[in-house]
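Two complexes, one shared chain (chain A), two partners (chain B, chain C).
Showing the complex of A and B:
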């Protein structure tokens, strides 16, 4: 049952507003930094190790049951750009609507009441996963996947890139998205993916600061798998 | 798990006729249609005709810009706080049908900021003949095509032409110059749409938007009845 919930949440058609966002791929294309499938792979790898990592930690912590308002503040602290904060909260608000219609819960209702203009999207995503009966690792995987699936879909549209090539990029990124398969799964209490850095962050309450210059918990511009189109709304997202 | 709608905070279900505080929300009418058919001009004309009797707000959708909102602002059809622009990225139809989040947010924000409102017009980005609005976003929809786009459009059908609550065939003044047969367009439209209404408009003429405004008034009367 929970596996099915994860599929619903990560489905590119989950209606949470992400279709209008490219995760920074649009300005990267415009600036000539993404021209082909190899560039897309490099862009996605960079995103996984920066925005994706921090966002996954936030989502996992929320799914684990940490105070979403404290996590929301932690996300704010990691998002210095006012434009990115605004987009992160906008997408959080849009995800909240879809989440409350699909997996209503008292925790979601409480966060919606406390942040009527929207909490940061990764925090809402983690709480959504929790309401759907999913665990922290599921929430982190969901974030990681959409961190790269959004730009891939956007680049197919922006460059008319061969869709098979773009999907192959996502498949080839799978090992770095999930960590080494030879590693044993983490203990359930650690609220983490298999990435050691992420495990450390998730096992303590609010994640530690991110390196300067990284667009850390910047809005994951394409929430629950929503297949993004491209939009100038997301152009301020910094490519890696 | 239960799907009651009594949770605190913003409404979880989009099509509810009541706002969170229990009052009736504004009637939402969507306007869709191909690029350049006159959607924004129709919205502007509707605002000018109805703004003295009704409290109105407008949501525009553009793919990459805020052109349509800026047109309405330049022409001062409504005060700026009553106009909101939504940028849809490369998918104008997704934002009005498959994932209506951003548009719902815009209509709710308008109602909160400048309400109470009688009417919110939601103009889609220019699209193709398959564009339709979700019932979760609007209560009724208008599809705007024009004479210069080819007089075979009504015959070609598609969900916009066949199912919209009102079909507007605009720019009738251009018919002689582009060789379009208005009679044929009206006959084809009637054949595709059965009982659903069709109006022919020329926004260049005095009260050219009159037939559309009358239809909107009738929708509003039914909504508030």
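Showing the complex of A and C:
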């Protein structure tokens, strides 16, 4: 049953609209940075290890039950481009509509109420996976696949690239997408080890659902202004 | 209060900005080498204004012997209420064979102002790059404002030199300006050149991200951006 849910969620026909997004491939084609299947493979590999890893970690954390509003804030800090933040929220809102119709849950309703204009898509996807009875690793795989399937589909259209070749690129990326011995698998385990922010939340949060609301991360107290001057220290510690 | 040790010597230098203290980091010996662990901490008290720069570029070099391991370089900056920090070091050059993990963490009070520049050069002239991981984490009023990480060079995950990441460029830079005044009027997001963009963050801050063929071209883009950002009437304020 859960495996079927994963297929429904990952299917390009799932009415969430995310599959229409090229993930930056369109401008890259226009600028001549993607001209053939090899360029597409390099582009996808670059996305996998940057935006793919970050998004997968966010989705896995949401599927794990961490506070989606804190994750949404973490996603903002990891998305410097306002255009991309707007797209991520628009896609998140579209996915939320489809998700609430497909796998309704109190957690989805709470996030929709707290972010009426949309939360970041990977966070919504993680929570959707959770509502569908899927685990963090399923959510991560789903995001990782979307990270590369969007550009591949777009490049087929933009370059009239042979769809067989584009699909072969995706298949050859599978070892990077699912992890290899030299590169441990993506979330939940490795995303949290490579993402101290998430690891800290993982280690301090109970594995059960965190109620929606502000994150538990404590605002750091600044040292009182007692020190009359500015201090700068530089140290070096060379191990023996 | 200045306290320094090892290869990093701190010198109080004359500031060209009125009301600003200035500290220059001087390299007293070759570092970081593989296996070194370097750290710089700066605590800018409420209301203080400080510029920190460096006398020369930092070159990450391989360590002694094959088992030296990676070097680490951790920067921790805290900026208090009404304080300003201008963190403008020279470039970090990742020499062939080196491996460095650099992290910069900044904690800003709500009314703090920050100008932070970082530039990474992949290899000395005509040389292939070492392995470099850099992470920049900025929190403002205890909330995340910016969190970025980039890894490149031999052994880095694939695709770092492809069209989705560096696209063959050898100089990468970021200029971050956090200014409480941006809550009111903030420079608009735009392309500064075909390989440089100014983007508004989800807070009173803008980030200039640029890639270039070499250090000189990169600095020119970041200098021009900083000049514009500090002369708001010309910065296309909306």
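Simple rule for what comes next: the second predicted complex is superposed on the first by the 179 of 240 C-alpha atoms of A that agree within 3 Å, B and C clash if a C-alpha of one lies under 4 Å from a C-alpha of the other, contacts with A are read in each partner's own complex, and residues count from 1 in each chain.
Here is the rule we use: a residue touches a chain if its C-beta (ideal position, glycine included) is under 8 Å from a C-beta of that chain, and two chains touch if they have at least 3 such contacts.
What you see is a predicted model, and the numbers here were worked out from it, not measured in a lab.
**Student:** Looking at A:67 after the superposition, I want to know if it touches chain B, chain C, both of them or none. Which is it: first, second, both, neither?
**Tutor:** neither
**Student:** Contact-wise, after the overlay, does A:107 reach chain B, chain C, both or neither (first, second, both, neither)?
**Tutor:** neither
**Student:** Looking at the overlay, what does A:34 touch: chain B (first), chain C (second), both, or neither?
**Tutor:** Only chain C is touched by A:34; chain B is not.
**Student:** Of chain B and chain C, which one touches more of chain A's residues?
**Tutor:** Counting residues of chain A touched by each partner, the higher count goes to C.
**Student:** May I ask you to decide whether A:81 touches chain B, chain C, both, or neither, giving the answer as first, second, both or neither?
**Tutor:** After superposing on A, A:81 lies in contact with chain C but is clear of chain B.
**Student:** Using the touch definition from the top, say if A:165 reaches chain B (first), chain C (second), both or neither.
**Tutor:** neither
**Student:** Considering only the touch criterion stated at the top, classify A:22 as touching first (chain B), second (chain C), both, or neither.
**Tutor:** first
**Student:** Report, in rising order, the residues of chain A that make contact with chain B in one complex and with chain C in the other.
**Tutor:** The overlap between the chain B and chain C interfaces on chain A comprises residues 228-233.
**Student:** For the complex, give me every residue of chain A touching chain C.
**Tutor:** Touching chain C from chain A are residues 24, 28, 31, 33-34, 39, 42-50, 73-74, 76-83, 85, 176, 183, 197, 217-220, 222-223, 225, 227-239.
**Student:** In their complex, what parts of chain C are in touch with chain A?
**Tutor:** The touching residues are 1-10, 21, 23, 25, 31, 35-48, 50, 52, 78, 80-81, 107, 109, 137-139, 141-148, 150-151, 157-165, 167, 189, 194, 197, 199-202, 207, 209.
**Student:** Which chain B residues qualify as touching chain A in the complex?
**Tutor:** Residue positions touching the partner: 1-4, 7-10, 12-14, 63-65, 87-91, 94-95, 98-102, 104-105.
**Student:** Can you tell me which positions in chain A touch chain B when the two form their complex?
**Tutor:** Result: residues 13, 15-22, 90, 93-94, 96-98, 100-101, 103-106, 108-110, 112-113, 116, 154, 157-158, 226, 228-233 of chain A touch chain B.
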